[in-house]
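The next part holds the structures, each set out as structure tokens.
Consider the two complexes below, in which chain A is the common component and chain B and chain C are the respective partners.
For the complex of A and B:
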């Protein structure tokens, strides 16, 4: 009887340990998301995306991205994107209302026919403007949608990292699991590896350069490489600015049609 | 004579010669474990060939796959019902997990991108994310499917009874293995649906696989048949086995050499053993003559030496002619053709070396009384075969005019037949009617756009041109023009996406199912599409700088000629509608066309070269141009007749047939050499005491029997192939059986007739 109690107690302790371990892994992911995608009240940046195919062909996407938080980290956000390049899509604008727990609303303005069109929410893991980043990679995935475990802690380069394994709770994701290296100091993700059931590692994210902007550590160069297709996307952030005072009214159909120069230049 | 001494050496030291032969054979056999095979007929052209480099470039530019398997799902009640759709979803899911499948670009109901508008909301995403539960949902899916021209004839048939899943393969994966896995997946499904698996990689890899199996089965069977026929001819197992060994040893030598030199065994070289076995039958003449000699002489050793003296010249020269016929292939362009030519030439030479060493040596081990018994049956007067052959020759000798006239008539008919020959190659038709591969292909081709895929690549001078309305409208016009061809089932290009988006953005108004008027609108539509669609959707049809566009042309047949029709139609359209764009063909269908042309014409060129070389050898051998012309006639006649029949029957002149032309030449010439050499020898020996007619009859009866035996043996072993499940083997089998019998008969009838007719000319200034 006594031994049974001891075993039960031991089991209990182990169980608690593992749950607290899991909870802390989830904490890390939440903090990382806050640091990566919710820094400041608002954020303005010029984004250059270089899409490179296996054979070395290149496509450039250049846009101004405006982001504003409407709530806590992990909560509602609005995005306003103005395209500069390629040349024939100049003046195209794209707007996203992101809600926690339900599908985002999206609108697109097509200047050639002067039309704003709502775009249905869909696969969060479909490609963002033809890049190797999915919509989810750009605007974030709900932390609770995955089970996170801390697999180890190790140095990546010269920085101490948590290595967290995230397994989707629902089975319809592209990946079977993901490993993230989260820097202990600024909580930014330095590397992510995506694995699928069939062929193992197939997609790798790396944060290649981090700068501190208005006190916020910001990833200014990042890469996503698809190892299966050989396609890669290289992203550079320039003119990043936080708390610029983006007005709420900007995120409207009216400004989608006529984006104010001040914000998109 | 040097060769002569080899024979003497062999009969004096039979044991040593046999042991030496076996040691050399073992040395070649040690190379066998290093064997590599290459079953891919695509490798007939080197990776550096223009067409492969160009196709690889196109594949890279447009992120295309070299090979795609098509799975057709047929339900006579229509595929748009919950059960069938669930199966499609389940099967797609399982296919995505298969090794070797490029999962990200599998096209099925659940993975293909669709552009729709619903209540003012634009939707770009997979056609079917979940299986419809209610009838309304199913109807809605049907409506979506049938209103989008990108889907009709591609993933759904017009009658709604056939759905398809397109499974692209990663580079280097084996089409047959993936197809077998897919077969495993669909065999789990129960219900009314029938499943069909088609596509070039299935046909190609299945063929490669079957071919090696067939070679492993048919080469030994052919060997056994030869052994049996020989036994029936000579009633002596030991000598029959000796003859067999002769063939086997040369096969081991040449295959050992091939493997040792590091060449992979290829589609063509895998045929070499059967060819060598056939060529080995030429040693029949040694046996034939030996028994006659022994009967006259009763001394084994002397009989051998005399036999070799009598037949050495023709045996040596036939070998030379055969070897030369194949060796010319070494000067061709296509590497496997070269290797094949060299391989068979080497094997033929080896066979002859064995004929002068190993075979005489083996004769020394046969018991005298046994030889005696067999030899007694070999009498030119009493033997039924010999009598029959003399009768045949007699016909030629006594009615030379009639014989030649009939020949000329046949010749005219044959030439007419040859003009009707259609040059074509169809990989799928290499399988028998009713075989899985062929049935699947015809079902899918009947119901959908087609399993064979070609591309027309448009390239402009500068970037961005493909976004202009004029480029778009040009491609649209070209597509409609190509679709008029009966062989074209469907075409797809970037224009189809642009028109689709234009219509959808304008609330599905059919008025907008057109190319928009400005480059900006086109650029923005494509950008909009690319914002949500799979990257490959656009990558497959336009390159990154929009300088090139790719029009997909689905063909309803694997005929190499179908792509030629497409190319001609493109040229025709371009002539009528000038454009700054360059239009070039590509894709697997184009590859098949080029491959077919190159291999085929290489073989034809080789054949013509062989004809010349063989004629020269004949002339040198007979030391007479006139005799060469006479000896050449039955050979040429046989080949013309056969190809005439090919033309009349309507059999495509394809690769297997073209390969055969070289063999037929190499073999048929043997008979003429034997006949003419022995006749002239006889005339010399009898020194005018025997009239020409009698000498001809003697030749027809004695060496003629060897010719007939050779032909029967040869034909018997190849007849086995008529029962093969792959049509090229049936063709080869039937062709060779006909060729051997025909050329033997031609030699026996026509040579006497021609010689009788032209005796004045032939013997002018000669010994008579």
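For the complex of A and C:
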């Protein structure tokens, strides 16, 4: 009888532990998203993307990205992107109003015909400028769209990490599940592995360099590598700055058509 | 006069370069060729277009000033001539709550995809039908634009003293329908004076997540009307541009997992308000419904339905001389655009199609575009026209089908 009670107690503890694990896995992902995509009131950075094909052919996308938070982490954000390179998209601008739980509003300005147009795109299935990153990879996926479980804790390099398994609640994603290594100290994702149903691991994200900018740990070099196609995208952030005082009015058609040099150079 | 105006604009900015902080030069070299596939051109040639072109774009900024000069030099094998063209050339001044642009500038308003209601600015349809890159569909205007941005809405005020007509397919290269062939023509553009100065306004803001805008234009139709010296036995035709006012509105936003566009405009004929002059277009009501959506990765579809409803139709019908083709009371057009990107968006397959249920005519434009590198791209495409009547918009171009190639090095 005593043994039985001990077993029951142990089971109870395990059950509690697993529910709190589940809750904490979602907490970890929320904190990670806040650290990765919502630091500061606003953020300004020059982004260089190298798109490298399997055969080694390289294409460069260079842009200034401005981001401003309108609410809590996980909440509304606005993005303003100005393209410097390549030549055929130079002076193009792109604006995104991102909302939690529904598709974003997106506008593109085409300078050759001085036209602003809305873009109909689904965040989940759109490559960002032909790279291996999707829109969701750039601006974040709603944490509640996945079921998260803490599978283990382990060191990646010399950093202690949570390893979280995220399974999309709706079956509309390219991947069946994702494993994320989240650093315990700064909560940034150091590695993500994407698995599909048939062939297993097919896409890997790595944070290759982190710098502290105005007190905010920031991933300044990152890679997304597609193991199936052999195509990879290598991203470098330079001139990163937080709380730069980006005005609300920047995120408007006026500045989409005439991007202010103060913010995009 | 036009040249003088542009010269003045550039003299005005001459004192500036002393403090120029930021100058950049970009451009491209391009080959663009289009050959008829159905029949020779009316003048016997087979190329709609064959040219090499260099574009240089100079950008300079200093403080609140910004200057852009975009000029093309090209050699056309069809015309056998070299030419220079100023595509755009303007100066901007930007203040906190307003800005100002003077010079030759391209202005694009409205929501239509190749269908224009409130975009009352000049177009080059020959460029479009001959397979030039899309940017050549738009022509610049020589004028001024003031942007005013109070908190409650934004306003564009455009003033254009120099009239610029649309360019339509040249009868030497396109079999355009002419109800009175062989009669000498004389084109008469509106004189440049204060009374003829065109004014266009746009006010826009967000309403509940939708982009809302209202528009106004007072100027001239950019499509000429024909006035014969004698309707029964004409010896001379005068092409002129009837006075026009446009009042319009548009709304665009996210709905039904895509983007919905609604646009309308009342085209008021200021010279033929009663609709009894058959040589001038009657007043019209134009409207457009559009929907675009991404269906799977890198594939999107856009659909439009467009209508032009002629007002005072009975007057038009009763006064139209015998032998002239009669336009429909409601001219309808439907369009579809399919776009698929492949290979990390370096390869684009697209199809644009127009079909008019009222005229029973169509236009198809399939195109393949490939970016060989960050600097070099090429496109191959076709324009295919057809219809039941040789008098309708696309039906008249039935023997003008063409395939085209664009090859560009950008720097």
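Operating definition for what follows: the second predicted complex is superposed on the first by the 248 of 265 C-alpha atoms of A that agree within 3 Å, B and C clash if a C-alpha of one lies under 4 Å from a C-alpha of the other, contacts with A are read in each partner's own complex, and residues count from 1 in each chain.
FYI, a residue touches a chain if its C-beta (ideal position, glycine included) is under 8 Å from a C-beta of that chain, and two chains touch if they have at least 3 such contacts.
Predicted, not measured: the structure shown is a model, and the values here were computed from it.
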Which term applies to chain B and chain C once both are placed on chain A by superposition, clash or fit? clash
Kindly classify A:265 by the partners it touches after superposition: chain B alone (first), chain C alone (second), both, or neither? second
Give one of first, second, both or neither to describe whether A:85 is in contact with chain B, with chain C, with both, or with none. second
Classify the contacts of A:120 with the two partner chains as first (chain B alone), second (chain C alone), both, or neither. both
In the overlaid three-chain picture, which partner chain does A:103 touch, first (chain B) or second (chain C), both, or neither? second
Contacts for A:228 in the overlay, against chain B (first) and chain C (second): which applies, first, second, both or neither? first
Applying the touch criterion given at the start, work out whether A:59 contacts chain B, chain C, both or neither, answering first, second, both or neither. both
Going by the contact rule set out at the top, does A:252 touch chain B (first), chain C (second), both, or neither? second
Using the touch definition from the top, say if A:24 reaches chain B (first), chain C (second), both or neither. neither
A:236 contacts which: chain B (first), chain C (second), both, neither? neither
Between 6-14, 42-50 or 114-122, which chain B stretch has C-alpha clashes with chain C? 114-122
Touching chain B in one complex and chain C in the other: list those residues of chain A. 51, 53, 57, 59, 86, 88, 112-113, 115, 118-120, 122, 126-127, 129-130, 231
Using the touch rule from the top, collect the residues of chain B that touch chain A in their complex. 60-61, 63, 96-99, 102-104, 118, 120-126, 464, 467, 505, 516, 518-525, 527-528, 530-536, 538-539, 543-545
Chain A partner contacts - residues on chain C that touch it in the complex: 22, 26, 28, 61, 66, 92, 94, 99, 105-108, 133-135, 137-138, 147, 149, 154, 204, 209, 211, 252-254, 257-259, 261, 292-294, 296-298, 300, 341, 344-346, 371, 373-375, 377, 408, 410-411
Listed in rising order, the residues of chain A that touch chain B in the complex are 51, 53-55, 57-59, 83, 86, 88-89, 92, 94, 108, 110-113, 115, 117-120, 122-123, 126-130, 197-199, 228-229, 231
In their complex, what parts of chain A are in touch with chain C? 51, 53, 57, 59-60, 85-88, 90, 103, 105, 112-115, 118-122, 125-127, 129-131, 231, 249, 252-254, 258, 260-261, 265
